[in-house]
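You will see two complexes here that share subunit A, one where it goes with subunit B and one where it goes with subunit C.
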Partner chain A sequence: MDTSKFELPAIYNFPPFFTRQPNLQTYETQLDHWRKLILDYCKFYKIWALSLNGLPLATGDSITNGDGDGDEGDADDDDADDDDEDFEISKNSLFQNNKINRSLKNDFVLEIYKKMIDNGESGWINDKNHKLGVLIYWHSLEEWANIIMDWIVNTGQEGAVLTLYELRKGELSESQEFSGMNLQLLLNVMDVLSKEGRVRILKDEDGSVAGVKFGG
Partner chain B sequence: MGNTPSGQRPPKVTAQDRAILQLKLQRDKLRKATVKIQVIINKENQIARQSVHEGNKRRAMLALKKRKYQENLLDTIEKQSDSLETLISTIEFKLIEKDVVFGLEEGNRVLKQINGELSMEKVDKIMDDSAEGIQYQEELSERLGELMPRALDDEVDEEMAKMEREEMDKEKEKNPGIPEVSTLPELPEAPRTEIKNHPKKGEREEQKAEPLPA
Partner chain C sequence: MPANRGLASFDNASQQKHKYQDLGQQLLREQRDKLETQLQVFQNALIAFKKQYNEELASNPQFRAEFTEICRSFGIDSLVVSSSLNGERIDEEEKYNQLGLRIIELCKLTKNLNGGIILVDELMTLINSDNGFNSAMKLKINERDILRALRELRSLGDELQLLVIGHRNYIKSTAQEISSDQNTILSAADILGYVSIGILRDNFKWKTVRCKTNLDELVSHGVLWVDSQGEDHEVKYWITSWISKQD
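What follows is the complex of A and B.
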């Protein structure tokens, strides 16, 4: 990932950029800059999800597995985890600029995330537990839906049944932009396609999504 | 999932789809297992190397043995994964073949149906029908001819003759000389007859003048 580095905008080294601006107009511009920065940054490094501290999250193989029943447990766990996460902020967080010794406060990060969610540029990893962080849609869900459908059509896979793992890590999809996509993000994309009737979601006995059948 | 706001209908899921999905899920599991084993192999390798470096021969041997075991496992898993993959593609291909056969059947059925509609007797009957129609038409005109016989024909002939006469008269009134002009070679005779029939002075003068330019 370090072969080429993401070029941070000049404003990134401007200390007030890291403090929530009291003036409404300035605040709006500040939000806009952060939004764009996050989208560009995540697109550049192919980051699918960010924690509240701005750390890239793993592709989320386990995140949704406990979606149905483990919610309460997750919430408790997370409070305990928070301390650990604070430890790791400095590792490689976009919200921490060591050069000017500034970092974003969690409250402000949440505001940025909320704004992005309003814009359709992001979504909570778990609606019930915002602390898990957000998915970053550097392509909108609809764009992703089209990208995947195009790939299906171009590779003659209409009517095929594919597992989610196959889509994310399969050999056929390896060179595709969506390869390695966060599981929850992929599920959200599949929801879009399913609502349009372009795919049918197949569920396992335990109710988790096992795969999708693509329409022709 | 039941309601689809936009018009498109979601694809139907068949038992085969579910079977393929199960196979693919198994294959995914195997693939995940290979990833995990690869990690273990790398780790054992690292341990062995480090142990050799530290002079702990027994530990190095153990790590190498473990690595060997994992490598064997990896081999088996890859073979299984391969056979699953083959099975999946065979099933998928068979499904296509099934579709092809179905298509052929369907086409055959339609062809037969069309052929049935185009049976010889039917074609013959249609041809007969049209022949009958033509015959009927002929008979009809014959009858009509009988029903309004000579009388009408005569009337038509008479009217025709009358019209022709009228037309001729009109033309004579307009250019009375024309008939003579058209028979130029016999000019010398023409005046005589004209004079007998129409002894009008004016006309005679004209006729006399006519030959001059010729």
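What follows is the complex of A and C.
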């Protein structure tokens, strides 16, 4: 068995799965299956963010400032040393099943995303510009906060100041699940930790985040 | 051998890191294997225990309840335990009781997907794919078993009903009645996975309104799913048993 490829559930090849169901109960079931599929799929391929048409977005080394028309999925990623693997799947959207020639309509995708956001399983990349797509929280922000804090404690880094780059791309964190995390997602996690007083966010003169001091 | 000095020591560090990671993974794998073996041993012990104290288990409800609880708390399927004791009359009853419970559970679990009408074949696949830790003890429930368990459940009420559509057996767990028109629709849908107004009109010489009314009703019961992306732009109505029928 090929373990490097995500195993799509059988319902993915069920043609009506791609049409919004008129029966409310059926619709709720359909939504649940899509939510779960998106979370599993993104977790498997380590996809942190999806465009509105279901394409994986780059990890967002340059913070999107809301001017891009991110609906094409090729998020601006001008950081030359960013070694994002060229996703083979990125040519195909999860919301487009070529085998049965069915795809999700945009308004249905938005309904799914909204449901995930309500559930704390997703968040807009930019609250003011939904076109940029969504972050996918296959672990909740709270879970990510704990995962990162556990790692800090286990590696004796309490009290240390780390840059966001070190957390995302540092050699020390390379084997960690959060390695390579989307920048905006990491900022959201740091917000959670900061509100709980578990970290202090250090800012540059221009207001951008320079680093994080762990341990309050 | 002298350790690498200066810059070379960095190479060493990263090598060591990899070694630690490999070691870590190996340990995890070993632990998992060990745990699996232990659980298998435990499951076999439970079965042996059950054989030995069978009569007492049968006659003492409290003892039986505690035993079932132990099985459950270890994630060991009581259906697997009870059906591994074939040939002993007292366990037959137990086996079908457990099977009946499993059928009720699965009907409930899948009701929102299929509107409460499930193919017996599909139910069988679901039950048999769910085994304990011991792969040598795979469940082999057949259609006869399911029908018998269903008959035994009858004494508790008629919540579950056997429904024959076309030549196939279904279990109906919804209170909704299926009319003969709807029965015709579902058996036609079993062939391609779907029907459409056109298909019904052509094959059964029904008026459009008769097709539409019945299809809408089946959709509103959650039995059929709507697909509006068909090649010929005609809405297709699919049955969910098609999901598990693909290769």
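Note that the second predicted complex is superposed on the first by the 185 of 216 C-alpha atoms of A that agree within 3 Å, B and C clash if a C-alpha of one lies under 4 Å from a C-alpha of the other, contacts with A are read in each partner's own complex, and residues count from 1 in each chain.
Rule of thumb we're sticking to: a residue touches a chain if its C-beta (ideal position, glycine included) is under 8 Å from a C-beta of that chain, and two chains touch if they have at least 3 such contacts.
What you see is a predicted model; the values in this text were computed from it and never measured.
In the superposed model, A:Thr163 lies in contact with subunit B only, and not with subunit C. By the touch criterion stated above, A:Asn92 is placed in contact with neither subunit B nor subunit C. When the shared chain is aligned, subunit B comes close enough to touch A:Ala210, but subunit C does not.
In the overlay built on the shared chain, the residue A:Thr29 is in contact with subunit C alone; subunit B does not reach it. In the superposed model, A:Thr155 lies in contact with neither subunit B nor subunit C. No residue of subunit A lies in contact with both subunit B in one complex and subunit C in the other.
Note for the complex: subunit A touches subunit B at residues 159-163, 165-166, 169, 194-202, 210-211, 213-216. Of all residues in subunit C, only 14, 21, 112-113, 115, 194, 219-222, 225-231, 236, 238, 240, 242-244, 246 touch subunit A in the complex they form. Across the interface of their complex, subunit C is touched by residues 10-11, 13-19, 21-23, 25-26, 28-29, 101-103, 171, 175 of subunit A. Subunit B contributes residues 1, 4-13, 17-18, 20-21, 24-25, 28, 31-32, 92 to its touches with subunit A in the complex.
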